[in-house]
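Per-chain residue numbering starts at 1, and chain names A, B, C and D are given in the order in which the chains are listed.
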Amino acid sequence: MNRNLILGGFLSGLFILAAILSFFWTPFDYTAMNIPEKFQRPNGLHWLGTDHFGRDIFSMIMVGARTSIAVALIAVSIGIAIGVPLGLTAAARKGSWLDEIIMRGNDLVFAFPSLVIAILITAVFGPGAVNAIIAIGIFNIPVFARITRGAALSLWEREFIMAARVAGKSAARISREHILPNVTNLLIVQGTIQFSLAILAEAGLSYIGLGAQPPVPSWGRMLADAQTLVAIAPHLAMIPGIAIILTVLGLNLMGDGLRDLLDPRLRVART
Amino acid sequence: QTAITVAMQLEPPHLDPTSAAAQAIDSVLYTNVFEGLTKFQGDGSIVPGLAESWDISEDGLVYTFHLHDGVKFHDGTTMDGEDVKFSLDRARAEDSTNAQKALFAAVDTVEVVDPLTVKVTLKEPNGLFLFNMAWGDAVIVAPESIENIKTTPIGTGAFKFVSWTQGDKIELARNADYWGAAPALETATFKFISDPTAAFAAMMAEDIDVFSGFPAPENLPQFEADPRFQVLVGSTEGETILAMNNKRPPFDNVKVREAVAHAIDRQAIIDGAMFGYGTPIGTHFAPHNPDYEDLTALSNHDPEKSKALLAEAGMADGFSTTLHLPPPSYARRGGEIIAAQLAAVGIKAEIVNVEWAQWLETVFRGKDFGLTIVSHTEPMDIGIYARPDYYFQYDNKAFQDLMAELNRTTDPAKRSEMLKQAQEMIAKDYVNGYLFQLAMLSVAKAGVEGLWVNAPTAAVDLTVVKWKQ
Amino acid sequence: MLRYVLKRLLSLVLSLVVASLVIFAVIEVAPGDPASFMLGVNAQPDTVAALRSELGLDVPKWQRYLTWVGGMVQGEFGTSYTYRTPVAQMVADRLKVSLPLALYALALSTLIAFPAGIYAAARRGKAGDVAVMGATQLGVAVPNFWFAMMMVLIFAINLRWFGAGGFAGWEKGIGPALKSLTLPAISLALPQAAILARVMRSALLDILGEDFMRTARAKGLSRRQALWRHGVRNAMIPVLTILGLQFSFLLAGAIIIENVFYLPGLGRLVFQAISSRDLIVVESVVMLLVFAVITVNFAVDLAYAAVDPRLRTRT
Amino acid sequence: MSLLQIDGLSLDIHKTAILKDVSFGIEPGEIVAVTGESGSGKSMTALAVMGLLPERMQAQGAIRLDGQDLLALSEAQMCRMRGQMVGMVFQEPMTALNPVKTIGDQVAETILIHKAMPRDEAYVRAREVLDRVGLPAGRFPLSRYPHELSGGQRQRVVIAMAIALRPKLLIADEPTTALDVTTQAQILELLKGLVDDFGMGLLMITHDLAVVADMADRIVVMRHGEVMEQGPTRALLAEMKHPYTRALFKASTHKVDLPPAPAPAPLLQVRNVVREYRLPRTKLFAPPGVFRAVKGVSFTLNRGERLGLVGESGCGKSTLTRALLGLEEVQAGEILLDGEPVLSGGRPNLKVRRKMQVVFQDPFGSFNPRHRVDRLITEPFHLLDTPPTGKARENAISEALMAVGLRPADARKYIHEFSGGQRQRIAIARALIIRPELILFDEAVSALDVSVRAQILDLLADLCRAYDLTYLFISHDLSVVRTVTDRVMVMQAGEIVEQGVTQEVFDNPRHAYTRKLIAAAPVLPEFAGAKA
């Protein structure tokens, strides 16, 4: 019925499965080096070939999926866990100093050049997956705070909220029981999109060496390693690049599909 | 063709070779713009520079330098004894910011005898004094140029500084008033390309004529195969070592250090990280040095022996430590391989990638590390093993005495003997894991001649470079 | 309007103050010392100390913060620790590359995105729309640095149509300078164009459902005429928002692309400055970027008023 | 030959029939009104004429304008017809204009798009047309933007756009439904005048029978996509052959029987209430402006009394409601329920609040779509110290649902499973469930179809009998207020200008504004309903 959702779900599902599977099984040990066997093209033994240390790329892509997905997932979760309550609070106290502070804080975070801050964070704490998560997570907070506040504000104008207020419910309770459930669709859609952006961000950070550290593979670092080797072994750069593209593409398609499915406003507009 | 574009990976932070450690400064300016009393040649030998000749007193304490006549700075002023005295005094002054102040430690006084004669008196004899005076940090500068030296360097060399577009390039032009033989080139441009891919692409696209210190050895075979290019493979003064924190357990145990040394497969590292470029070393000494001794057999790749040694040291199950890796690819790539090799004998080395600033702070000054990989590019630097406070913290009285003795010795034969002894001492103490001598890799267009193949010091000496007609 | 401007100005100043504190704190916490970085491994402790005092690093932190902020207020950005040139001068030099690059990329992305978005909206659900949307989905998913790598491989190394990077310099003329910015601008622009095209399309589709579009059709405008005359300008608000965000991103976010093409831009300056602990450069450039982002947002808000008369009066 | 002749028009989408064999005609200079309940296909008929049907809708039959079959025309040919031969006016004046273009541009566009005259002439014509629709040059220059106009003024602009090229046929789809009575009267007057002046045919769609009776030469009654009955207004109203037509008229004139009100005893006392909204500062150091939406309102509502509040849109009715409910603070005055303030020190007084409930206008927006009916209607239990649980709760739910004519089983359904009228019943059930002493109805029946509205009004009367309700009934619809209240207040621009016993106020309005309101409200001629 919904082409986007099916295709997107299939693509991202594929990589999520690979990530989960990698905990139990990979065709080769992803850290095992075999330098004489380096730069093999995809073949029957090494399905996606080997890298400059003779490691099995297929195994590395599987574990890399794990890294990407874990970092992105946690980062987005941080964004949601902090951003959504902030957005709800700001909306509930619209116009108050609290709202003002939250929104100004948001603007401020938005105003910071994210990549530079990410580099700074890693300069302070050293590179690593956790710091990549923090760096990406911080910039997800205002995104969620903002869309939650926006959606919540229009909900607060709705008569059913008025009815709940007449029924004597507190603002916190209304936010929790009425506003939150009605913004979840929006959050799911935005969450999917942020998830895909986070995967791109993680790849970018790893690419400049600030993401997960060796020997744990990550797609971005595989690309960085492959950089100087494109002319000799193009598959080293192609494969992780395509993995990133397919995952992000899958998530975006899924986001679009979910939006069509969940957002009744758009469903009506389609007629 | 009289113009050349030379690319390097790193850009100089500023242009004063006498107040920073950055090699990029020397690479651009050494012998091209600035000259010292003596100077390095491409083969590592020391020849007269601004000093035409010199006399050394019997006791080896007094050096009398006779300067070239008619040498002018680029601003038109004459270079004379006063400038020499100024330069040397400035470098050893209390508030000096010379990164190699130790080079001048032996100097007691500097006197100007006449405009073309300078007398330097040492506190004690120093066999390396002429060698020291050839360093980029000991070049002769004019007092009036100091204020702006970091942005407009004024030297005596065959090329004048023209302009610097920060982040991009530095341009030099031939000095018409040069006192020595005029160079073949009229203009030279140094371009800074930090990214290895960009380096490859720029060379392939022929945007540049020479890439000195090519950062991606994996691409060299392509240049070799291409008639448009020549590849120069030489050696540097860089002993690449797996440094161990000799004061921190378990590396305070020589058995553990020996175990680490035997766990390492140098050839795999050279092949994997350097794509075959680099000479295995077994001690902290450059293989091209006549006094070099091949001690690699002392630490051959022998995982079984390594395990056995660990067991002897009471660590049959191995142990965990950290492996700090600075940015260059010899460290980052080599580190990944070493971590895998150590894992094979049960040593779990957690990789910590650091920037140079962090490396200096945590590893070098803080001595907070287990293992680290670094290339020691200073020439003739075995003396660092005599400094117990040096970051790997090797504290051996016998070695320290040997070095003190060596400094006082000027007799070449004796010096050679002592150097060999020193090499053996540290190799047998397994102070560090000795990996390989860093190769000097350059790519140039086929028509460029006269480039240094080796790098006895950081320099791209353009005075002898020319295009084949 | 005035109150609005004042409020924005106040929040701008506040943001800058908070930003300066955050930046200063973060950078000061970072391990690494510019003096020892400069002097390397053979430096003697007294040399390092001498350099530290020369650089003014030996005074208490709060004092340094005040000097820095005080200087900036007077338009004095200080002198770089490593380069020893005025930070303002360095930034100005880098902006000569970064700003044109950002504008070039923005122009490209707009030129691609607007027609694509409008075309897709006009053809909603038809093959043309599906094709454009498919392409944008792909465009959004491609990491720009990977795209840049591929472009270098194809256009610089294999086809040799462009230089592999580097900046020709404006003194060589507009042509060569723009040529050297072309590949970087394309790699920056394509993913942005994909996003922009999507925003354009969906904004237009929202507008298509509006009553006034039906009114326009009732006047006798064809679907296409209605879209162009009534749709596009109304769709500009969300599009402008994204454009503003993209411009800020392009100024600061081109670090990776600048590296791939070794362009002497602002991003690479910060990157280098961070690794050499040239604190004052990092601090000043980040402040400048924050300032730029806030100013751009402000400009975008003013642009809203230009496209939407409802925002001109009141508020 | 007719100006417009629709023959056997049928529409379907995805095999669902929307229109079935619709046929009627319009002569030049004639006003034909199409009426019928919501969803009966009125708008689709109009859109079919314009050729602006939703994309996947298939039309069969013939629509002849001046003898030319519009269904056979290509899209390009249709574009030439629209605006030139037929013009159309839509219901929502607030959104029918492009917010970013001046009214001059928008009116002139109709002319320019058909290349009827050169640019400067087109603007001259635009000016003339705007003058004609009652927007004189002095106050309404061409450079005005839509947001600078009121709803009625915007509707005039839309009409100006539609008639700029003097089309032969003008279609107006509920052109006044969104406007208040006084504005509605003016717009209808304008349309009538245009038909007379230009000899246009006017196809007028409305569900308001009073308007129909007043305006139309002929009436077409539709239901479920079919024409039930059509004929000249007078004849059709006199005969009412079709039962549906009769039912429609009966519902429109529906009257309820209220039980007599008990002896007056004050329940709600409102004294000099002022509610102000802060306006954004216009000058830097000037104090921010304030807008007084409610200006010193005082009244008393007695126990068991049914009080009405009427007034045009924007006069402050809803603002007052929110103040009464204690949802917003007032800037002056006091509101006492049973002698206690509803808000004390900015905090709602729960004890007072539980005595009061509200029913809102929008049957779609007043429920959280994610909750089931039982959860929705028990929400006011939060006001109780010990809300009933288990069996008691279920009994309360069943009772409330049955009281409003629903089944206890409906408690497990979601709100989208109900029609508009049913939803409004649920809203009333929610208000009733804690047996409040006072219920506020804010335009509670305005969004409903006439027949459904009649049912809800009956329900109110029933509830009054069963529960002795006290309520404040707010509406802009005078006929409704007239039948369900004992006393009525008339509000204008934030002030109560007149109050008194309903019957008296309507029969003998004292204030000029009240008179204007009553005069503007269209009334159904009496002769109809009697024969049913």
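One rule holds for everything that comes next: a residue touches a chain if its C-beta (ideal position, glycine included) is under 8 Å from a C-beta of that chain, and two chains touch if they have at least 3 such contacts.
Here is each chain with its UniProt name: A, C = ABC transporter permease; D = ABC transporter ATP-binding protein.
Treat the numbers as computed from the prediction; the structure is a model and nothing was measured.
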Pair sharing more residue contacts (C-beta pairs) when A-B is set against A-C: A-C
Once you find the CA centre of chain B and the CA centre of chain D, what distance in Å lies between them? 87
Which integer distance in Å separates the CA centroid of chain A from that of chain B? 45
State, to the nearest whole Å, the distance from the C-alpha centre of chain A to the C-alpha centre of chain C. 22
Quick one: chain A and chain D, Cα centre-to-centre, how many Å? 47
When you check chain A against every other chain, which residues touch at least two of them? 123, 227, 230-231
Touching at least 2 other chains, the residues of chain C are 31-32, 149, 153, 157, 259, 274-275
Chain B: positions in contact with at least two other chains: 195, 197, 200, 204, 327, 355, 358
All chain pairs satisfying the touch rule are A-B, A-C, A-D, B-C, C-D
Considering the complex alone, what residue numbers of chain D touch chain A? 54, 322, 325, 327, 348, 350, 353-354, 356-358, 360-362, 365-370, 379-383, 427, 430
Chain B contact footprint on chain A (complex, rising order): 31-33, 35, 38, 52-53, 123, 126-127, 209, 213-215, 227-232
Across the complex, what residues on chain B touch chain A? 195-197, 200, 204, 215-216, 218-219, 221-222, 268, 271-272, 327, 333, 335-337, 339-340, 343, 351-355, 358
Considering the complex alone, what residue numbers of chain D touch chain C? 50, 52, 75-76, 79-84, 87-88, 90, 92, 95-101, 109-110, 113-114, 145, 147-148, 158, 161-162, 279-284
Which residues, counting only chain A, touch chain C once they are in their complex? 104, 107-108, 110-117, 119-121, 123-124, 196, 200, 203-204, 207-208, 220, 223, 227, 230-231, 234, 237, 241, 244-249, 252-253, 256, 269
